[in-house]
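Just dropping this structure here.
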Amino acid sequence: MNTGWNRDQMAARAAQDIPDGSYVNLGIGIPELVAQHVPEGCEFIYHTENGMLGMGPPPAEDERDLDLMNAGKKYVTAMPGAAYFHHADSFSMIRGGHIDVCVLGTMQVAENGDIANWSTGAPGAIPAVGGAMDLVQGVKHIYVITQHTTRKGDPKLVDRCTYPLTGPGVVSRIFTDLAVVDVTPGGFQLVELAPGISFEEVQAKTGASILPLA
Amino acid sequence: MNTGWNRDQMAARAAQDIPDGSYVNLGIGIPELVAQHVPEGCEFIYHTENGMLGMGPPPAEDERDLDLMNAGKKYVTAMPGAAYFHHADSFSMIRGGHIDVCVLGTMQVAENGDIANWSTGAPGAIPAVGGAMDLVQGVKHIYVITQHTTRKGDPKLVDRCTYPLTGPGVVSRIFTDLAVVDVTPGGFQLVELAPGISFEEVQAKTGASILPLA
Amino acid sequence: MIKKKYASVASAVADIHDGATVMIGGFGASGSPIELIHALIDHGAKDLTVINNNTGNGEVGLAALIGNGQVKKMICSFPKSSQSRVFPKLYQEGLIELELVPQGTLAERIRAAGAGIPAFYTPTTVGTVLAEGKEIRSFDGREYVMEPWLQADFALVKCEMSDAVGNLTYNKTARNFNPLMCMAATTTIVQTRKLVNAGDIDPEHVITPGIFVNRIVEVPQPVHEDILIAQGRSYP
Amino acid sequence: MIKKKYASVASAVADIHDGATVMIGGFGASGSPIELIHALIDHGAKDLTVINNNTGNGEVGLAALIGNGQVKKMICSFPKSSQSRVFPKLYQEGLIELELVPQGTLAERIRAAGAGIPAFYTPTTVGTVLAEGKEIRSFDGREYVMEPWLQADFALVKCEMSDAVGNLTYNKTARNFNPLMCMAATTTIVQTRKLVNAGDIDPEHVITPGIFVNRIVEVPQPVHEDILIAQGRSYP
């Protein structure tokens, strides 16, 4: 029985919507898998906040370079045509609107495009924001990849975020295990259902109204 | 008969007051001569606004590199330990307070440290400021080298500048053909007389009161 | 695939529209993209606002573009020089506008556009006529002027070497404003003396990362403004 | 003459005073000047305000400096990680202050200090709790937050190669915040893997020009935080 998309399928579906030749920044988690599903004939150039364009796949363990990491502090490699630069230049790329697409995971995303993915706001929790607020404000297109609900079954696509925002009104498209959903001026708009998933199921698991396919 | 300092002597006198190891920016005209009078045992590193530290003397005519110029658009050379950088980095050095000494020519300098060296303000004149306003606001110590009076005999050291200012209250020391003069909270203060020059002559040729040597 | 290479300077500048704001790299003759400028003269776009440190020399390059009546307004720090005659004449006849910007503020405003910073504060021009009409604000007891970013539709840039994805290196002081302008324009058009494969430039030596470059034209033997002027040349 | 070389990490950090603000380069383990940090632990200066992207890992380097009770306040973007235990414990016990700054704003505030810009505007944090209490201003219909520069008394920096006048190069992504911090501190202290003569680094390849560097110590075989942690090491 088909029950929607798995993590790799979600990443592959998101990769399909990234234009050929794009400069792309991938968040930690499922978004990282996008790099393994680049459509044939397409080329993306990956940016990592800590100062590199042209990031390549992880090295074999015995070929690690301790000075070559990504923003998630994982060891990576450099593709032909890579470039290194310092943090202000790196965030000029982000904040100056030069990165085409950023794919992020999230805790919540709202029908008005608000995203909350940096803090639960719980008392005593240690806040840590990294580059998330820079990315959502600066990158041209913010895509989200996320399970449609939390492990407890609560909707992650909501009418308004209850967690502290990372940025307001910034998300354009959401890829979940159940569907592809756009953020439009009219709210959530269904773009595509995962195989075997009904609109009714998606709506039932979403914390806001979704406009069906026309 | 000794009648003060000539251009080279003025430059040599100024060079004596630049601490060993300083990063120095030299304006066009007499200030350029400072580079030829570095005191023995001293080393200055020259900055030119168009993107170079470690500027060396002009090349022989047949050894010119068309891509190696200074801010005055003259051909120069690079010393061992030179570095090239773009204009924003170059002016970060200036505006961020990293250059130790800037030696400038001037049209007028006032007893309160105001300097006017970019425009006569005459109607129809084409204004051109270059990096002058950046230098006077950013460099730690602004020195002026200038003839004490104009060719017509008007004082260039004045109580208040009549030409449009380059910057207010920025000059610390002035080297002329007649004397070395400091700008102090109490106004012009004589530091040294050129050989054969009397305090009375300096005062007579200055458009403001000068405090004599104690 | 990343395809930034253009076959000719003419094709690379073909969509520069009348009324466009165009940044042109270089400091005087050094780093000036003469071939791209001459292509823009051939192309004929007019009512341009041009951002450059100067206003050109002789009757080639930027001076020729101005002399051809294509420039409505210059934004620069130093519009006159010993060999600059075209701009001064038009300016004194009231036929071209001038926005005079101190050189460091010009560089920083261009970088700010590239970095997504709409405005910043600087002490440069405080207490001068160039600060008139601008917002003055005090931080820690010192006064500063607020300056806005400076964006452009196109940048014309000269570099020494480009790889296929647009990573650039420059030659000596010909670097100057070029890397900043790459960051600040919607469309950055580069003429490179040498075009190489991706991977042929050490990633540590890249000055302008390819993300800031849209179009690359190889111009293997660029002319130099000083040489043209010494030869008494004019353009077209 | 230009004399920037120091004989030891101990002598290079000897005048860091209690209460000083200290920038420390690196992004996680990458580019972290461990030997200089350990020298600062030996030196013992306390009540420090430390600026770094993170708060260290394990019980070496920055984490050890914090664990040794020398740090009053951290300014960083990401104070927790899988191997970060020292800071979280002190923070939750109320024994250390935290100023949380988005990574791009942190980088830009440091650069602003180096460039003489007391404040600038950015859209980052608009509409979030991190913008609370900050000035919001509209430019062309979009809202921005005003952010101040971030200056320091000292910067501790790690580089790959330095020449005698302090021109620096870095290795890959170990570059990160290091060049910015060189610009922003009153006194910049650098540990270099290799110290060479002036002229041995191509002027085109210099990342940090020597004007931003005050002290250089050669540390030919620097330890790496990840290796120390894998070995279960702690400091002192």
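Per-chain residue numbering starts at 1, and chain names A, B, C and D are given in the order in which the chains are listed.
The criterion applied here is as follows: a contact is a pair of C-beta atoms (placed from the backbone, for glycine too) under 8 Å apart; a residue touches a chain by one contact, two chains touch by 3 or more.
This is a predicted model, so every value here is computed, not measured.
A.B. asks: Starting from the defined contact criterion, work out which chains touch chain B and chain D both, please.
C.D. replies: Neighbours common to chain B and chain D are C.
A.B. asks: Pick out whichever of the two, A-C or A-D, is joined by more C-beta pairs in contact.
C.D. replies: So, comparing the two chain pairs, more contacts are at A-D.
A.B. asks: I'd like to verify one number: the distance from the centre of chain A to the centre of chain C, where each centre is the average of its C-alpha atoms, in whole angstrom.
C.D. replies: A distance of 36 Å separates the two centres.
A.B. asks: Report the inter-centroid distance (CA atoms only) between chain A and chain D in whole Å.
C.D. replies: Computed from C-alpha means, the inter-chain centre distance equals 29 Å.
A.B. asks: Measuring centre to centre with CA averages, how many angstrom lie between chain A and chain B?
C.D. replies: 55
A.B. asks: Among the residues of chain D, pick out those that touch two or more other chains and give their numbers.
C.D. replies: Within chain D, residues 108, 111, 115-117, 122-123, 170-172, 203-204 contact more than one other chain.
A.B. asks: Residues of chain A that contact two or more other chains, please.
C.D. replies: 52, 78, 84-85, 88, 91, 94-95, 138
A.B. asks: Could you tell me which shape the graph of touching chains takes: line, ring, star, complete or other?
C.D. replies: Contact pattern: none of line, ring, star or complete.
A.B. asks: For this entry, which pairs of chains touch?
C.D. replies: A-C, A-D, B-C, B-D, C-D
A.B. asks: Chain B touches which residues of chain D in the complex?
C.D. replies: 1-3, 111, 113-117, 163-165, 167, 183, 197-199, 203-204, 206, 209-212
A.B. asks: Can you tell me which positions in chain D touch chain C when the two form their complex?
C.D. replies: Interface residues on the chain D side: 108, 112, 115-123, 139-140, 142, 144, 148, 169-172, 203-205.
A.B. asks: State the interface residues of chain D toward chain A in the complex, per the touch definition above.
C.D. replies: Within the complex, chain D contacts chain A at residues 27-31, 53, 77-81, 87-88, 91-92, 98, 100-108, 110-111, 122-130, 170-180, 207, 224, 226-227.
A.B. asks: For chain A, which residues count as touching chain C in their complex?
C.D. replies: Touch residues, chain A against chain C: 20-21, 23, 41-43, 45, 47, 52-54, 78-85, 88-89, 91-99, 138.
A.B. asks: Considering the complex alone, what residue numbers of chain B touch chain C?
C.D. replies: The contact residues of chain B facing chain C are 48-52, 65-71, 73, 78, 84-88, 90-91, 94-95, 114, 121, 124, 126-134, 137-138, 164-169.
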